[in-house]
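Both complexes below contain subunit A, partnered by subunit B and then by subunit C.
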Partner chain A sequence: MPAPLVDENSLIFCFSTNYFVVRMDGLWRKHIDLFLLISHVIPLIFFAFLFIFPLSLLLSSSFLYYGKPSLYWFSSIFSDTYFVNFNPRTGYLFDVYGDTMYIWGLDYGIILNTLIVALTTMILSTVMGLISAFILARYDFPGKNLFRVLLYTPMLATPFVNAYVLGKLFHPTSGLINYIFYDLLHILPYRIDLNGLVGISIAQSLSYFPIVYLNFQASLLNIDPSLEEQAENLGAKGFSLFRRVTFPLALPGLTAGMIITFIFSMEDLSAPIGFIGYSGNPLAKKVMSYYIFQSFSEAMRGVITPETSALSVILLSISIIGFILIKRYVSLKTYASLSRGGRWNPRVRRISGFKLLIVYVFLVVLVLVGSMPQVGTVILASTDWVLGGVTPKSFSLEYFYRLLHPSVSRAISNSVIYSSIAVLIAVLIGASSAYCVARFKGFLASILDILSTIPIAIPGIVLAVGYFMFFTSFFRWTLLDPLIDPAPLLILAYSFRRLPFAARSIFAGLQQVHVSLEEAAMNLGANRFQTLFRIVLPLILMNIFGGAILTFVYCMSESSTSVTLGALRWDRGPITFYINQVVYGSIVVGAASVGAALCVLLMTIQILAIIISNYVLKQRFAIYGF
Partner chain B sequence: MENISIDIIIVRARILIALFMSYRLNFCFGKYLYLITDLTFNKSGDCNLNGSIKYPYILFVVIALAVAIGGYLVWLSFQPPPPSPGTPGPGGGGQPTQPKQITLVVISRHGLDILGKVETAFLSSSIARKYNITAIQWLTPAAHLWVSTINARGDIDVAWGGGPVLFDTLFSEGLLKPLNGSVLNVVNKLPDTISGSPAKRFDSNGNVVWVGAAISSFGFTINKDYLKTYNLPEPDEWIDLGNETYGLTLPKTSVGVANAVTSTSNTRMYEIIIQCYGWVDGWKIITLIGANAEIYDQSEAVRESVISKRIGVGLTIDFYGYTAQIQAPGAAYYVLPKDGTIVNADPIALLKTSKNVEAAQAFIEWVLSPEGQKIWLDPNINRMPINVEVFNTPEGKMRQDLYLQYNLTLKAATIEFSDELASSYEQALIWFFDSTIVKPQAELRSAWIKLIQAKINNKISQEEFRELVDILTNPTKLTFIDPLTNEPTTFTMEYAQKINPHMKNVDFRTNICSIWRNAAIARYQQVASALGG
Partner chain C sequence: MVRVKLENVCKKFGNVVAADNVCLDIFEGEFFTILGPSGCGKTTTLRIIAGLERVDSGKVLFDDVDVTNIPPYLRNTGMVFQNYALWPHMTVFDNVAFGLKIRKVSRDEIRRRVKEVLELVKLSGLENRYPHQLSGGQQQRVALARALVIEPKVLLLDEPLSNLDAKLRVEMRSELKSLQRKLKITTIYVTHDQDEALTLSDRVAIMNNGRILQVSTPIDIYNKPRDLFVASFIGKCTILTGVVQNRSDGYLEVKCDDMTLWGVPAYEDLNITVGSRVACILRPENFKLEVSASDNVFDGYVKHVSFYGSRNEVKVAVRSSELIISFDSSVNIDVNKPIKIAIPRDKVIILPYHAT
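This part shows the complex of A and B:
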């Protein structure tokens, strides 16, 4: 009996000190399996110290009222129209004053606003991501590979400069868009002030749709080609083939992308801060993430108000509930395939004429609009745009020369080192927990599942403050004490915050590898390590690399903990800390342009990471665009 | 000591990696693990590498290499930095290394540009060579982390920049050490007060505990182009900014301020307005400014918006104004309000935790000397020096524009400003501002727009307008239930002083903030509905 085969019917559930109790043949048996133990325990320890302990320390105050356990803060939040309000009192939606049309959204209270924004963002980015993935998968046309690459641009991060660029683009009187379409071309009847909640949602959709696109595409690529072939044999083709076979098979990936977008939108700070940064808009302040952020960054005091803690708990709960609900739905619809012999072979059609025109117009507009912040950053860095005018007037490399400073290279090498180590940790922990989740399905595994996804739902500033409090009080004078050296803690913070990219990506891969492949290997005498390294790993290698690249890219651009913890020691600051220092901490003429030049550098590093991985994986995976 | 333990860890990790890789190369890794892990399986020794699947092994090698390289880089980064990186070695390099090289540890709120310039200039100065200071480690935590950082590290020598309030906090926490020795030669030449504000703080024995290293005034920066475009007058007093003239362009805003919660400089300006006009009128002006203005998080954002002509006037500290003048020449001007302002000193101080007291004081001496004060005259920094002698140096003679501003600053219409009075209600002020102006700004502003429209269209008389403004903004007409006594009360100065110490209690603060917020929303809506709709 080749026993501890693992699938949903026979397994593991409790675990005491050094063995798992395994249910086999209707009996409970003790079974020592080092692998099971390691793959459960290491991630659990990781999460305990980087998530559960620091956050409990921080958020426990939400359940206390004048020192006594109480739910007072929750009831006060839900009964306050500032947080939940079904009759909007203020806000502008297509209201015209003077020569300007104000599109800010209506104020339903902070909690409802957040949900509405997240929902809108999710729908908008799903539509955009789905259409672009469908077009690129289904049609063949000149320049296709170029668009495939260009669709990644919105994901390149431009931290802190964002606000500046948004202002340069969107401002009703001094923004480029209104200048072109109102002052110059007279296309618009009014100046448009796109701001507040509507502005946030649109900015978020434009930067998150590649996540949906990427996820959907990745699952398309993992579909067993024989299923489509069978469908074709039975007469399905064209859109009905897509709708009835391909799409449902790729649904888990799509849903994962949608969840991530929804949670991202709730957690996101860069869009609200961007709009507030250039316009101080009162409605842009009315989302949960900003409210929490602002309360955490209060001057002169290290205390977090219980109301903020309670709001953080609510934010976390909403994302956990949403996540669990959709996870249930996704796991109901999991389609693992036995055959992984071939790659998905899309039914590509060449198009021309009118259809081609529509495709081009759609993609060009999408890429242009989606990558506005990135293009704007490049313009800001390479011209005199920062000095007043609506349009840039002269080209200049001056701001790039200002980067030739030893402290810049130090910040970059810090960032690269931190991110590389963090990626390794994230991939190891992520793979280990994803494997537990996909294969062992025990109670601990489902906890791991939640824990490995939850980091994206936690505002970085909350984590940063939690880490500071926890590690300075309980890890004083150790390597992890940020006051001595913030680097090790920053690495751990990166790996925790960006873990979901690795974990979800690997999990999505595992979900589509049928467990019987592993069972077969084990039946033939392989042990679990051999099975893992020779059967599972090769099958999910692309997912691992995809996850690792995403993790790296997002580690490089991590800002909340970088800025808070990085400031504790000047020579340990990563690049985002440096950008923040340049943009906000200095009063140099053209500071925003120097920040933009740094962002261009950051984007270059991110693009390089993608290109290198593309090169490394060329022989097998180049065609898929990574 | 840390470095040794890290070395051991790294060496061990390297041995492990080497072992691990040799196992892989010998193809016995599988067998080895097999023995310790899986007791129930049949033994199969067949682990051969020649099969078709090579990727896992490659992956392994890549990961192992990455770990090794990463580990090495980490190890490198834990090494002490080479002496004075990026600058020519003290004494022209090539000198034999001297026995006691000192690295100064300085905690600062100054930005990157200032610190970078100071590091280069100071390390190549003769005073640094004399005390053998070869490097400076800058720590730049947020202001609220200063006390814990100083206590926790226990080796910080100097604190520099962040405003007098922060330094008075450090002083009251007992973290400052009185200056002594040759630094006093420079310190004694500096004025004790500047335009009525203290430029030094003395302890009970009359010793100097902090001394201003720069001075700054508070006012606002205007953009003349913007004001001309929208036919707005040029303001020259605080009270102008709350005038309905600047509300005519709403919802497009012409004024910009920063939140009291996040900007210490703007908090100071609100305190100035209150001490200038008294509690009730001061708050009325502040509330109307809040209705007129975009409220940004950071004062830097206010400056950027003035420079890029998004607003016509914004509250700024003086050197932001001077920088704006350079960035938007001909349009941006810094204005010292005629109805009164104050001049502040930005301190530098020796910390009790200093391990190199002599060297630390040498640094302070350099910062206060004409040589060190030149940093402020950099066209990217534009701050007012404390030591006027710097204007006699060649560099100082180049910045006659700043010397002009310096003299204007000394002549500014300063008010009698009481720091004690300001700090007796500061916390209450900050949170009242946040709860009644920032949080319900949308409601405040829509009532204000209606009020302005009603006045323009002659729907209400001047008298009615004034009455409604009073209802909208008067702090003593905002009735709420005091959580301490459960009785109806209003926001008088006495009440603010009474609750000021309680604001430290987060439960109390959260409660009263939501009470204020809801009371404010109610009265804004009351005014709005009084005007119909």
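This part shows the complex of A and C:
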């Protein structure tokens, strides 16, 4: 006879199987389910220690002036022309001296500079992303799939080296671009010196436009064609159809992509450091992320100044506002339905003749310009280009061999170890949160929904400052004290920052598993844990792997916390810290090429991950597909 | 086998009352059906019995043991879900064996019992198929086998036939019934299909808006509804409302607008007296063409005849009312001709009428 259950002793029995009943005078009668408890509480503890507490400490320290609550730091920042300056005196914008036109940008103080750069980056990325997404989603032409693949190139990670390469290409006398268009072809009237704030914005736009492209494309593919057909039926055509029907329907995706681009631009360290590393340009230093980075480096053995905290809080607030705006459009919940892209037969039109020509010219230029950093990185890594010539003179594997040097290979193994452990944590926490959001739908679950998507909007540099303050004050001399060993904290930082990737993949998987499949198991006697392991996990295994791969890739290329916390002990630095050192410090001649070789390694990992996700796991490789 | 009792069970989802003070007493070995329109709370009631939904108040008892706070996996019920909920990553064998594996039954025993139950539901030989390789009817039987193999105390079936085509549905209906007879297992069956409810069940509960309106045998549900909703939900009928004028020999005389008819109150405890507002329920098949002394007689004319194979449905206008009448199709009825019809006093069911 199968397990018989209900009898007088059943309550005692229930205790032993993770289920019990709490009764309080008949007023409050709730069951507490250990599974429910664990799946909510563990992620909540994780977020409390890695998000809420550190950032609260940061926040409170910025509002304290010698122990008293005060707005002193904020008012001093806003009244200092170093931070906010409406009458720029320095900088060059299309200024010509001799045969060179300097395009650096004007110095409005680092807060306004940051906002202007972010806005410019957002606009440039949107223009590039919008047009390319629209073309690829709505038109059919020979070579379309090739362009689709090539548009992945700008997304490949080349931290710090990307801007270094751009600096090199646009160098007024030894840059390849000036050589071709000024010296050889005489198209340009002046040599162009693209650097500083403008350089940063260009470098960022080239790496971030695919975010807009992917998000907008995903929303376009999700528009039910019958909606458009209906509109056509009612007489809307061509551009008016696009403007009145298609565009508004795809707007949420576009907005999300734009805001993400804005946030990423603000927190980006890679472009400023790359330009500074190449030419020491003073304007490239005048952004918030770099300022915080620098004061962090100076404070490494001491304390973070309240001014730095206040600046971090300003950066954080702008990002959080952006995140709230995104949340209004897209949450973890709706993401999953969005990700089932291409369900409909997308309405594609064949084009030819003049239109086709324009499309080709646009896409070729976009791919060429967009992949400049990646192509340049590969050239830098495999030739003697770093030594100063306009073009490389000879091919060389030297820099790849240098990856075997103990100090470099240690950085590589550090990154691999940190990322692997971080993936495990992110998957665990992400899975719990996703499960709560997908199944329990309570108040706590809705908080978890927010917490598991918010890391994408938290500037890494701000997080690093918060972690440093929190863990050196409250966890001094423990395993988590970064001054003793930053590795454990770096792992946790990685897992927090990349958690959304794991959570979203798993959430998308859970959405495909009907709740009744779990209920059927429980009905047949399986408790929640048995149900999880025998029914749920096998069914979402592919999503878990997909999420894990994605998380791993983005942990490997994480830079903000790597170059700050990672700098606290040289032997603990990950790959991106090493790249940052060689690009920024340029200790040895030609060292930037070793950084480039490391970037080639990162890109290879990324490409492998995309191939595995798409062809083996058959998952969509969601980059920053919000 | 177990006797299932629900005592004053209430369940709300936000503002929606899915179970409103539900009381049910389901006997051992009984085939019990909960019948009601879509959204009335049938599934919720079933899920409360299975423990998949927690009650706001009230009790669920299995053989007088309070199981209200017992989680689903300890209740030992076997449920067949409306969408079958077969696990797509498991074969038929593994699906059916799941409950036994959880109960740590030995491998040989599992093999033997799965084989037995698959024979019972006529699925032998399909052990190694995956759910997506099965037809709808086969899937439904796998779900049934999966629930039966654990020898549950109660079998809970949530519209198990609603995903099948009409012919298969009728076939599976009789298979289900004979299976239940053989196993003598307490069965609670949820459906919104009245034919299913009437043909299968020992007793039927009619539910609407979260409330149980009547629990009776199928025959009583049809012939002696306690409630106007029950009367109109089950089978076809004409409802005439009026006021009781007179009472004699247990019969009531009701004046409905411009006509008067005699009938019997459905139940004595309904407290119908002279002056009560009532509704008279007239079933189409109770009308006849031959008139005898005590019958209610109507003079009308035929408005419409629709052909339903063995029977014709006839709409007859009588003064300002319209009666629905059903005759054997061998009887010849002409449209737009006058007609005289009668219905015996015993067949006119009288219920209290509450204007809504």
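Points worth noting:
Please note the rule applied: the second predicted complex is superposed on the first by the 362 of 626 C-alpha atoms of A that agree within 3 Å, B and C clash if a C-alpha of one lies under 4 Å from a C-alpha of the other, contacts with A are read in each partner's own complex, and residues count from 1 in each chain.
Following the convention adopted for this analysis, a residue touches a chain if its C-beta (ideal position, glycine included) is under 8 Å from a C-beta of that chain, and two chains touch if they have at least 3 such contacts.
Just so you know, these numbers come straight off a predicted model, no measurement behind them.
After overlaying the two complexes on the shared chain, residue contacts for A:Ser516 are found with subunit C alone; subunit B is out of touch. Comparing subunit B with subunit C, the partner in contact with more residues of subunit A is B.
After overlaying the two complexes on the shared chain, residue contacts for A:Leu356 are found with neither subunit B nor subunit C. By the touch criterion defined above, A:Leu119 reaches neither subunit B nor subunit C. By the touch criterion stated above, A:Leu479 is placed in contact with subunit B alone, subunit C being left untouched.
Once the two complexes are laid over each other on the shared chain, residue contacts for A:Thr100 go to subunit B alone; subunit C is not touched. When the two complexes are overlaid on their common chain A, residue A:Asp80 makes contact with subunit B while staying clear of subunit C.
Of the two partner chains placed by the overlay, subunit B and subunit C both lie in contact with A:Ala526. Once chain A of one complex is fitted onto chain A of the other, the partner contacts of A:Ile450 are absent, as it touches neither subunit B nor subunit C. By the touch criterion stated above, A:Leu537 is placed in contact with subunit B alone, subunit C being left untouched. In the superposition on chain A, the residues of subunit A contacting both subunit B and subunit C are 1-4, 31, 33, 522, 525-527, 530, 534, 538. Interface of subunit A with subunit B (complex): residues 1-4, 31-35, 61, 64-66, 73, 76, 80-82, 89-92, 97-98, 100, 102, 107, 163-164, 167-168, 171-174, 193, 273, 276-283, 285-286, 294, 297-307, 387-388, 405-407, 413-414, 417, 420-421, 424, 468, 472, 476, 479, 481, 483-485, 487, 522, 525-530, 533-534, 537-538, 541, 544, 564, 567-572, 578, 581-590, 592. Of all residues in subunit A, only 1-8, 10-11, 13-14, 17, 19, 21, 31, 33, 514, 516-517, 519-527, 530, 534-535, 538-539 touch subunit C in the complex they form.
Subunit B contributes residues 2, 6, 29-30, 33-34, 36-42, 44, 46-47, 51, 53, 55-56, 59-60, 63, 66-67, 70, 73-74, 77-78, 81, 85-86, 111-116, 137-145, 148-149, 152-153, 166, 169, 249-253, 256, 261-264, 293-298, 300-301, 303-305, 307-310, 319-320, 323, 326-328, 331, 379-382, 438-443, 445-446, 504, 506-507, 509-510, 514, 517-518, 521, 525 to its touches with subunit A in the complex. Chain contact summary for the complex, subunit C toward subunit A: residues 50, 52, 54, 62, 65, 67, 69-79, 81, 83, 85-89, 98-100, 102-103, 105, 146-147, 150-151.
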